[in-house]
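I have a structure I would like to understand better, so I am pasting it below and will then ask my questions one at a time.
For reference, chains read A, B and C in written order, and residue numbers begin at 1 within each chain.
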């Protein structure tokens, strides 16, 4: 009898991650709460002048989303590495690259997607109009998967290292900058009355490029880290 | 014939003495070029029409910035070779390049700030070039810190190689996005090398200084790779003979 | 047939072993013995392809395992020190998803049979995090029971933390696999006599 194929393997990886996430809801909620707290810190830090907040809003929400994604990334491979599941993944006949993509997808579903859902509410705190809010959702929807993909490379490289979280931040925050620029830029452009088409296209391009390259780099990094 | 002799130097053992001899030559060349370049830069090149004397910092700022980007690509190349073909010396070269590259970035940033103060009254301007240099510094530091955080040298080499390659691919993307960001957020485009009519002496000075920085970098990197070789190969037989570290 | 030629392993600054040669045909048991830290686990990881050797080659049916890639891994079942079980999932869920990821066929009946064999059928819906060390090892062994179609079994200390009955069960499982033409490479501290058509021993000095 021939065994389950590639698609079944990928679905099994995603199913496993989602089941675990459901039973560890607090882990998932932590990065979401972090996101909300960081966004709330800014008005406390810069004052509550509505005009200022409206200008800062898109950037603040985006930076907070970026940091929240990064915080959650430390967890991407750590548990699997600790209990031996990662080894089994690399020994599966399926290409590690695709299994890694499955893990990253599941990770995004449990960390990135909630951010996209909550972000508009936070945008309201900064008095963003309805069109900017829509573009905020769109930009995060296109941008957060890219952040997860790039972050996976960093998570794989820093597997099991002391100083992990801070080192991970140092490695991937510079790589996040283009996504931040185009993501926040899209919302600011719309708020200023210009179109966000160019920004969103660039975000989409970044996503596709990262999708093509990052899983391969992550699989390579995982093999290196597991030696 | 030449191909065979080229591979002769691809082992740490044979490269070590070669690097030692080359360091001296490149160092001398660097000193010569630097003296020439600085002389041209500070005494021969004319006073800039708009920017006065303070513009002369570009004779250090621009070569440093060029070297910082060039060295990053060279570092990524050596790291990639070490990763693909499992050659120890290539990874050691990448490791040796990183601190010099980071220093060049640091110099570029400081000289950019020193230039900015008399020009625009602020110590920092968020123009595309300076911001990209700052990000490049982060990339260098990330490479070095990742390498330092891993105890096993081979895993460290290979992990750092991955981040170097990812960084190298991202450098043009980052530069493009920062330029985009800069043109949107700052009306007047601020250029530190705005030179529609750069005097030929200024250009000559900059090129000579760039060569000087390049020669200096090679000299320093070769010296540093000798130290890396000594550390890594400390248990090897060839280092146990007296006079081996000549 | 797994063949190893001139294998060397270097960890940190030390060469753990060098010049290792052997061939494992169908029905061969490879017993790796030696003190802790002498290189037993490293050898097994090299045989799996998790760790690249410093020197030498490993071939599976004539092809280097790095090139054979998927073909090699399809025939491989590895049980390491870690059980590769998710604490949050039950034994049944762990087995089902683990098999699906590895592309191994197994329906519910077979999962139940495996857990029955391991003596954990009553606890199959309990979260693995609440099972004892020995019970978790038995779930991992249940996965091995389901991997009988995989020719090459590489096991690192399979008998650790097991009670007498489980050790006996596992011993019989290994013997059955070997008799059916499988290949088993294992390390063990305990002297468990596993009968095999052919046995090859590698002894590591500390």
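The rule we apply is simple: a contact is a pair of C-beta atoms (placed from the backbone, for glycine too) under 8 Å apart; a residue touches a chain by one contact, two chains touch by 3 or more.
Predicted model only: the values in this text are computed from it and were never measured.
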| item | value |
| --- | --- |
| For chain B and chain C, chains touching each | A |
| Innermost chain, where centres are averages of C-alpha coordinates | A |
| Separation of chain B from chain C, taking each centre as the mean of its C-alpha atoms, in whole Å | 49 |
| Centroid distance [mean C-alpha coordinates] between chain C and chain A, Å | 36 |
| Chain A and chain B: spacing of chain centres that average the CA atoms, whole Å | 32 |
| Shared interface positions of chain C, touching two or more other chains | none |
| Where chain A touches two or more other chains at once, by residue number | 227 |
| Where chain B touches two or more other chains at once, by residue number | 152 |
| Touching residues (chain side chain C, partner chain A) in the complex | 48-52, 70-71, 73-74, 76, 78, 80-89, 93, 97-105 |
| Touching residues (chain side chain B, partner chain A) in the complex | 135, 138-139, 141-142, 145-146, 149-150, 152, 154-155, 158-159, 162-163, 165-167, 169-170, 173-174, 176-178, 180-181, 184 |
| Chain B-touching residues of chain A, taken from the complex the two chains share | 153-154, 157-158, 161-163, 167, 170-171, 173-175, 177-178, 181-182, 185, 189, 202, 206, 213, 217, 220-221, 224-225, 227 |
| Chain C partner contacts - residues on chain A that touch it in the complex | 1-6, 8-9, 11-13, 15-16, 19-20, 23-24, 79, 82-85, 87-95, 99, 226-227 |
